[in-house]
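Structures given as structure tokens follow.
Both of the next two complexes hold chain A, though its partner changes from chain B to chain C.
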Partner chain A sequence: MSAVTRIQIGVLAAACLFVELLCRSGAISPLTMPPPSAIVVDLGAILQSKDMLGQIARTLADVAAAFVLAVIAGFLLGAGLAALPRLRAVIEPILASYYAIPVFVFYPVFVVLFGLNHYPRIAIGFLLAVVTMIINTLNGFDRVPPVLLKSARVMRLGRVATVRHVILPFAALYISTGLKLAVAYAFIGVIAAEFILSGDGMGYEIAYAFNNFENGVMYPLILVLLVVATTVNMGLYAWERRFLARQTAHRDTS
Partner chain B sequence: MTSPGARRPVLDGFVLVAVLAVLWQLLHLAVGDLALTSPWRTVVAAAALLQSPDVWPHLAETGIALLQAYAIAVAVGLPVGLLLGAHRLSGDVAEPMLAALYAIPKITLYPVILLIFGIGMPAKIAFGAIHGAVPIVLFSLNAVRTLDPIYLRTARVLRLRPLAVARTILVPAAVPEIFTGLRVGFALTLVGTLMGEMFGAQRGLGYLLMQAMGVHNMQTILSLTLILVAFAVTVSVVLLRVDRRLHRHRAVQTITT
Partner chain C sequence: MREPHVIVEGATRIYPGTAGRAPLHALGPIDLTVRKGEFFSVVGPSGCGKSTLLELIAGLQPLTAGRLVFEGVTVNGDVPPGVGVVFQQDASFPWLTVCDNVAFGLRRVGAPAPEIERRVESALRLMGLQAFATAYPAQLSGGMRQRVCIARTLVLEPRLILLDEPFGALDRQTRLLMGDELLRLWRATGATVVLVTHALDEAALLSDRIGVMSARPGRWLEIIETGWPKERDTGLVERPELSGLTARLWAHLRKEAVQAMGGGASG
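Moving on to the complex of A and B:
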């Protein structure tokens, strides 16, 4: 374990301990937040309930669906736009200011279109995640040095072969940034939609517990969400680091 | 980035708006009036909304919350980012943690914020500021860190004091990246503030939206959305233009030096 990781764990542990002390001493009222140790105990109870596990699984399935659709569509659209610079110039302002638009205001439209089921939530998660994927795919394609593309042309590679053998290996790093953000946005979209209007899922359960002052349910659920989102993200981060190290090693030897 | 359309941005803008309006109209025809109001009626309703005296207090409320949240995000995010960027170890420790914070769905934390601040102005300001501060920290951290080390070595040779280093070297060299952070931070502050208004407020645009959703008043939802989108896009296009100029300026510099 590196020194940096040790410090990080130390900082987190100290923060938990600090909050625990504040809660136990009464500086933070239990109505605002139960002590972290109590949250972990409550979490154990929640993970035993079949109903809650079902809700968690449903939400995660929606997030996964939104993520996969967004990654596929975002990559294809990004690659398409990279090939059509004129269209791209027209669309660029949308891409650039997209995340200033609160996309979830369109949620009611989807509810009317699809009915009150999982599809509107997946749609919101997809809409949030797909644009970051497009942007990062474009970014990756942009960073490919022209000389590599020229060599591809000299070797008469077809379009698909050029993408597969030249562009993708080079752009993978930027695309992985897109993957990380797409995971985050898929989570945000699905959970926000569940918050606004739905009858099940973790976002709904959190909102429900909040409205009923059930801190013993709300905080453990929030913890689950944070842990899952962070774990997925850290996994991608570690993979990216390893990839980056390998790529620079390649470049140094060549 | 050299795009062939760069010389005709105004024309492109018109084409884009026209195409979007046509798509909207087609979708409207396909799904009916109840699900999607037509673009023309939405524009008319938005204009009427902006003229009604009932809406202005809500707009003002959101505007004030947004400005305060952004001011806090910048005032906290910028110094923290610069410090973390300048100090290698703290930066290494903090960056992945901040990136994780950036990636978690912060909406799940909103109930916690409501419990701490209560329903009202402070809660939405806090929520907006949290959204905005993280990207500002991350971008300014990276701006300082990716600085050419030769600048800092020069500073050491010239025996500049830390404050002078910050003023004459760190800030000018890092400004383009920092500005990108400020731009992204602004967009996220807006989203955060609106989310805050949607789930725990009695005033503001987000509250109006939530109310319209509750009674399923599509026309109001869409006209509010239109006003919001127009505002968000205008601000971000202006910021983006400044951003591009700063980066271009820097690119030329690195080529000439």
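Moving on to the complex of A and C:
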């Protein structure tokens, strides 16, 4: 274990201990928040409940579906726009102002389109995540130095081979940023849709527990969300560092 | 006289005007015949179309008018087989090791693995990069990255090597050493070399002939035979003829360079 990892774990442990002390000393009321140790015990109980495990699994499956669809569609649309500059000139201003649109207002439309099931939540997660993937794919494609593309032409690579062997490897760093943001947006979209508009899923359970003062349910579910979202993001970050960090110094110095 | 390898007839390049700007006449019309196995350099003021000429010969840009022939085949906007280009900017692929960078072109054409191994090893040895085969470009100096790019070009055994200010980013000492390496490679491969450079002494040192271009649109002011023997190196810096050659190049270029900069300086 590296020194940085040890420090990170130490800081996290110290923060938990600090909150534990605040809760145990009464500085934080038990009605506001139970001590972290009690949250962990409650989590153990929740993880034994088949119903609650089902809710967690459903939400995570919806997040995964929204993420995968957003990554595939976002990448293809980003690559397509990079190849079609005229279409891009029309679409780009819309993309730039996209996050000003509250996509949740489309939930009723999705209910009409998909029915009263989990698809509208996937659609909301997808809509939030897809644009960041498009923008980061475009950004990656834009940043490929023209000299690399000229080199590909000199080596007589066709368009597909140029994309596969030159553009994609170079753009991978930027695309991976899109992946990390798409995970975050997929979580936000699905959980928020469950929270506000749905009748099941983790977001709904958290909202229900909040309205009924069930801290023993609300905090463990928040903890699950935090752990899963952080683990996925750290996994992507580690992958990025392992496979792509060697390029960074080169770009900085060239 | 050796047979012609590259023939340029009335080559002209005009960039179309965009967003209300007038078209830009960058080059020509110019004629040129580069002989097989010749080391030909192009010098001229900034923006005179030297790099445009090189890209036209490489097939990286289409001609607006004129004709360009390489090995008897007309070139216009497509890179013909047998041509290698080394650019001024670092063109190494940062996600590949030195070895994989050099092997890149051979792998793309589906060369057999033993042949790739042999040719890559030979190119790495030629460029003094064996000890860095597993390094990534980020771990190398600018000069070594440029050597990687030269090795990646040489490994494909081009019959025409086009060099666009390949040593532009290097210090003078490294440029001289790279110049020696370039002369050695030129003799070893027997390839035709066209070098674009803004360094008059570099052109005077390395070349069999030097084409001096006018300010934009670039046209030949003069094509000068250097008269150097084939077996030469940058030890020529000690020869008095070199300063005479450089002075002759500068005499042509001074007025053109002033014109390219806006024409304000006195002559």
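In the analysis below, the second predicted complex is superposed on the first by the 244 of 254 C-alpha atoms of A that agree within 3 Å, B and C clash if a C-alpha of one lies under 4 Å from a C-alpha of the other, contacts with A are read in each partner's own complex, and residues count from 1 in each chain.
Here is the rule we use: a contact is a pair of C-beta atoms (placed from the backbone, for glycine too) under 8 Å apart; a residue touches a chain by one contact, two chains touch by 3 or more.
Being a predicted model, the structure only gives us computed values, none of them experimental.
When both complexes are overlaid on chain A, the residue A:L95 reaches neither chain B nor chain C. Of the two partner chains placed around the shared chain by superposition, neither chain B nor chain C is touched by A:L77. Shared-chain residue A:A61: touches no atom of chain B or chain C.
Of the two partner chains, chain B is the only one touched by A:I222; chain C is not. Of the two partner chains placed by the overlay, only chain B lies in contact with A:P108; chain C stays clear of it. Touch criterion not met for A:L22: it reaches neither chain B nor chain C. In the superposition on chain A, contact is made by A:A184 with chain B only, not with chain C. In the superposition on chain A, contact of A:R153 is made with chain C only, not with chain B. Against chain A, the residues of chain C that register as touching in their complex are 58, 60, 79, 81, 83-85, 87, 89-91, 93-96, 104-105, 108-109, 136-139, 149, 152-153, 156. Of all the residues in chain B, the ones that touch chain A in their complex are 1, 3-6, 12-13, 15-16, 31, 34-36, 89, 92-93, 96-97, 99-100, 102-109, 111-112, 114-116, 184, 186-188, 190-191, 194-195, 198-199, 209-210, 213, 216, 218, 221, 224-225, 228-229, 232-233, 235-237, 240. Looking at the complex, you find that chain A touches chain C at residues 145, 147-148, 150-151, 153-157, 161, 165-166, 169-170, 172, 244, 246-251, 253-254. Across the complex, chain B is touched by residues 3-4, 7-8, 11-12, 31-33, 85-86, 88-94, 96-97, 99-102, 104-109, 112-113, 142, 180-181, 183-184, 187-188, 191-192, 195-197, 203, 206-207, 210, 218-219, 221-222, 225-226, 229-230, 233-234, 237 of chain A.
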